[in-house]
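Structures for review follow.
Two complexes follow with chain A in common, the first pairing it with chain B and the second with chain C.
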Partner chain A sequence: MARSAFQRLLGIVGVLAVLTILGFVILPAAVVTLAAFNDKAILAFPPETWSGRWFAKALAYEDFRSGFRNGFIVAGCASSIALLVGTTFAFALDRYSFPLKRTLEAVLLSSLVVPHFTIGLGFLILAAQIGWARGFAVVIACHVVLVLPFVLRSVYVSLRNLDQKLELAAASLGASPARVIATITLPLLAPGLVGGWLLAAVLSFNEFTASLFVTAQRTQTLPVAMYNYVREYADPSMAALSVLYIAATATLLIVANLYLGLGKVLNVESRR
Partner chain B sequence: MAGSEHAAVRLRGASKRFGKVVALQDATLSIHRGELMTLLGPSGCGKTTLLNLVAGFLVVDDGEIEIDGKRVNAIPTYKREIGMMFQNYALFPHMSIADNVGYGLRMRGIAKPDLKRRVAEALSLVRLNGVDDRRPHQLSGGQQQRVALARALVVSPKVLLLDEPFSALDRNLRVSMQIEIKEIQRQLGVTTIFVTHDQSEALSLSDRIAVMFEGRIRQVGSPDEIYRRPADRFVASFVGDVNVLRARLDRVAGYAVAMLGAARISVPSEPLARVQSGDRVELFVRPEQLRFANAGEPIAVEGTVAAHSYQGGYVNLYLEAPDVCASRILVRSLEPDAINRWPAGTRVGISIAGSDAMAFEPKPAPHSV
Partner chain C sequence: MQPQPFLRTFVFPAALCALGFLAAMATVLQYSLRAYVPGSLEAGGLSFDNFSALLKPLYARVFIDTVWICFLTAACALLVAYPIAYALVHAQNRLIKAAILIIAVTPLFLGEVVRTYSWIVVLGNNGFINSVLLKLGLIDRPLQIMFTTFAVVTALVHVTLPVMVIMLAAALAHIDPSFEKAAQSLGAGPVRAFLTVTLPLSTPGIIAGVTTAFAWTFSAFATPQLIGGGQVNMISNLVYQLGLASFNFPFAASLSVAGLALTFMILSLLRVVARPFEKFGPH
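On to the complex of A and B.
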């Protein structure tokens, strides 16, 4: 069917618009990546001369190394605790009815609407009041609160997609409640559990605002370490680290996609 | 063998409420060993609740449930040795067909070689071979159903429970699956409780039927008893087609006789205990018991042919006779020429053949049966 000149023009404009938007989204990452290869000790774009030495510097810098290690510990612990807590609450919300159920749900999800600034500050004040040392425990507790809504939502959606008749069928075939959970419920929830954990871990690892308040010198996570660095020096090691950061996160999500399917990890797709 | 004198499943006064809604009221039923008992009724009648109580998915509020003579009220589902087939099959999507069928045996700790053998036997029994390693989503609806059946049977259950298993199948597949399940059930002799709202399915499959309505069991009997001697007007209307005709009662020498037009029809007197001679009654007559009156036969009803419905092997004719029947009277004719022989508008006389009419008290005030 012949398309009018106007329709063809509209088609071209459409494609250009999409490319522009995509370009806009990728632009910050692209700029930082290119700036990382600048030989001169300034954060500038585009680079005048090219060098890879800032990558070596970033990897060797002690604050970044400890920041990475701390972030790992905090993200691992916070996600796991949030998974445990989130899963039990998701079961309660899906399978039972009780008074104030809606209120409970709102409270569990409340950290989505409270600024991270406020949560971080709140934990800081609390720790000071009760004499809680500013070690890993505070940071992990704070991160659990921050990532809980994501885990809860991921597990809850998985539970809703789980046909309860499957559990009844297993029971009718002689499986005790414990064996039903082990052989039916958990294996079928696994994508939701793993997806929730991964999302929580990535969010926790990247979290900055609240961490700025609750971390101390020896527990500072990588984003906080990067912030402290850039306050004094403005060289491309910052950009280099960002590139490594992006690469690591992307790899993690690619792996998750291969294993689980990204749509399921982010719970935008239902399982069938 | 111990327990052989007991009914396979027995309910006594079983009741179940959900909040204010009474789903099942005072249900008493004995299901014999090896029989296929169907629970039949419209949605909301309590048949699925009863099934779930026997399965152990629900706990009775009042009453007793026994399986093989043993009271099971407090015994959880997984210890009741039942086999269940769900409406949507409920096959485990994360397991292969062989693992699905073998699940129950695994839970019982059956050794691997035995397990494999029994799984193979069960799949042969339902005539499904070569699919061991596939996943449920790769099979058709009919195949999935066979897997569900094999899975339930492989554990040699004391009772097999089927929850409307055929509702998702198309008609031809449904009929052939019904026949197959009946054969398998007979072959294994497994006591079976079958739930359906499809009365023709119930009539063709069952050894006995329990007709249920609004939480109560209305009648229990063989398909023939249910069809020819319904206990109340609900059972008479729900199972099979029926015409409801306004007649009068006459009591003659201890027998109840319904008077309709020139016809005198003898009817069972038990349902009419409260009706006096001369009172109105409602006569329930199946279409096959009505025919176009031949010369000399007493005419029960005179009506006008209003519509036809050609069904291939027979023709449904709908007659208007407003003084006798509130809706149209359904008569069946095996003559292929019926449409031409009795075109719309023809005035015809109908006689009642056979002796299976039932009469009930007229229904009180406007509320549906």
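On to the complex of A and C.
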């Protein structure tokens, strides 16, 4: 079927619209990159002199370094716990029936719609009431609740797409339930598990609002350290750190896309 | 009934998490009903004063502003995200598809602080936009873009865009392309085929996207705090101010509870409004 002039025009307008919107998405990242290489401490576009000294300053700044370490601990623990809890529960949700099944699911998923400042405030007061010090345990507990829905969804989708005949075959050959799970189910679920864990780790590492409430100076994560920096200083160290952040995240996503198929993890790939 | 090996072992950790979460929420609820004792971190006895104080014009105003900002953000994000989601699903070239996906999704993983800071650099008085306009001679002195609702909504749309794209693309990807082809073979133009077939079929994605965008915007803190700079306040800013600056935890808790009630009210309202459209769903 020949395309009319109108259809061609429509196509061009569509492409232009998409390019404009993608430009809007990239704009802040591009501008921040320009600002990061500016030699002067005050913003100027385009920068008059260029330098990489803000990167050195950002990397040497103690709060950023400890924030990175703390964030690493919190994200590592929270996402691993969430993976364990999410995987076992997704399995029970998919295969078993038990009392309060839907209620439990609804409670765990509801942390998606409860504002993070409410969750943060809740954990802060709760920790104070039961006499927990504001250490890592509170931060990790809070993060587990926040990232659990994402792991749950990722593992649940993989479980649904899993061919149960393979498990039945193993069971009919005499494998015990534990052996079936260990040798058939878990290996088949691996991409979903890795995807879910990675998603949880990245989200936890970047979580800010709830972290602001539950962290103390000693447990402050990187986003909290960055927030405090932006409030106090205006030099481009923050821009330099942002550039590193953006580069690391984009690289991670490109790699994840190559190995895991981001489209599948996010469920936006057409099935046909 | 089939055997259910490890049932208890599998459900117990999740139950523990749910319990912790519910306990935290219950603490907020309990604190919202207690009196504030100035100068003390401990709350006083049972009192409804916190909730009656919420009706003061100062706080009512913040509630209205919050809902308005959430509404604007969700609507703008929908308009901006739809073409991207459509292009993502319909792009033929794998490389273009991957590029759109990565560009659209990267901001989701940057966190609120990095994105908000980037927007400050773009919108600030000696930021990118003002510098460009000054160089071009279009303006004589910097425009005041920061600390306006416009600036806050712009940054918030940028924050919610990735989720919206993911939700819309998931819905669009599951629509059978032969429906649109059928409409076109029956004589509908591409615009009409889109408006009468694809758009209605994507309503579940639109509803999911708008709902999530609304809830996420409601939860936003760094963006209104840093870009709004005290001129544009949302409930989150007030809760932070009262909780961590004034240590008035009971009032911060009652604000949270009221905010939560408001979120659930609006989300259920959205669901009721959306119900007639759900029959268009692909499943």
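One rule holds for everything that comes next: the second predicted complex is superposed on the first by the 250 of 272 C-alpha atoms of A that agree within 3 Å, B and C clash if a C-alpha of one lies under 4 Å from a C-alpha of the other, contacts with A are read in each partner's own complex, and residues count from 1 in each chain.
In this text, a contact is a pair of C-beta atoms (placed from the backbone, for glycine too) under 8 Å apart; a residue touches a chain by one contact, two chains touch by 3 or more.
Every value quoted in this text rests on a predicted model; they were computed, and no experiment measured them.
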When chain B and chain C are modelled together on chain A, clash or fit: fit
Contact breadth on chain A, by residue count: chain C or chain B: C
Which of chain B and chain C A:207 touches, first, second, both or neither: second
Which of chain B and chain C A:172 touches, first, second, both or neither: first
Touched partner set for A:186, first chain B, second chain C, both or neither: neither
Contacts of A:60 with chain B and chain C, given as first, second, both or neither: neither
First, second, both or neither for A:163, with chain B first and chain C second: first
Chain B versus chain C as contact partner of A:123, first or second or both or neither: second
Angle, in degrees and to the nearest 10, that opens at chain A between the C-alpha centres of chain B and chain C: 100
Partner chain in contact with A:7 - chain B first, chain C second, else both or neither: second
Minimal inter-chain CA distance - chain C and chain B, angstrom: 7
Chain C-contacting residues of chain A that also contact chain B: 177, 272
Sites on chain A touched by chain C in the complex: 6-7, 10, 14, 17-18, 21-22, 24-29, 31-32, 34-35, 42-45, 84-86, 88-89, 91-92, 95-98, 104, 107-108, 111-119, 121-126, 128-129, 141-142, 144-145, 148, 177-178, 181, 202-203, 205-209, 212-213, 223, 226-227, 230-231, 238-239, 242, 245-246, 249-250, 252-254, 257, 262-263, 266-272
List of chain B residues in touch with chain A within their complex: 55-57, 76-79, 81-84, 86, 88, 90, 92-94, 103-104, 107-108, 137, 151-152, 155, 161
Residue ranges of chain A touching chain B (in the complex, touch as defined): 163, 165-166, 168-177, 179, 183-184, 187-188, 272
Interface residues, chain C side, partner chain A - complex: 1, 3-7, 9-11, 13-18, 20-25, 27-28, 31, 41, 80, 83-85, 87-89, 97-98, 100-107, 109-122, 124, 126-128, 131-132, 135, 158, 161, 166, 169-170, 173-174, 176-177, 189-191, 211-212, 215, 218-222, 226, 235-236, 239-240, 243-244, 249, 252-253, 256, 259-260, 263-264, 267
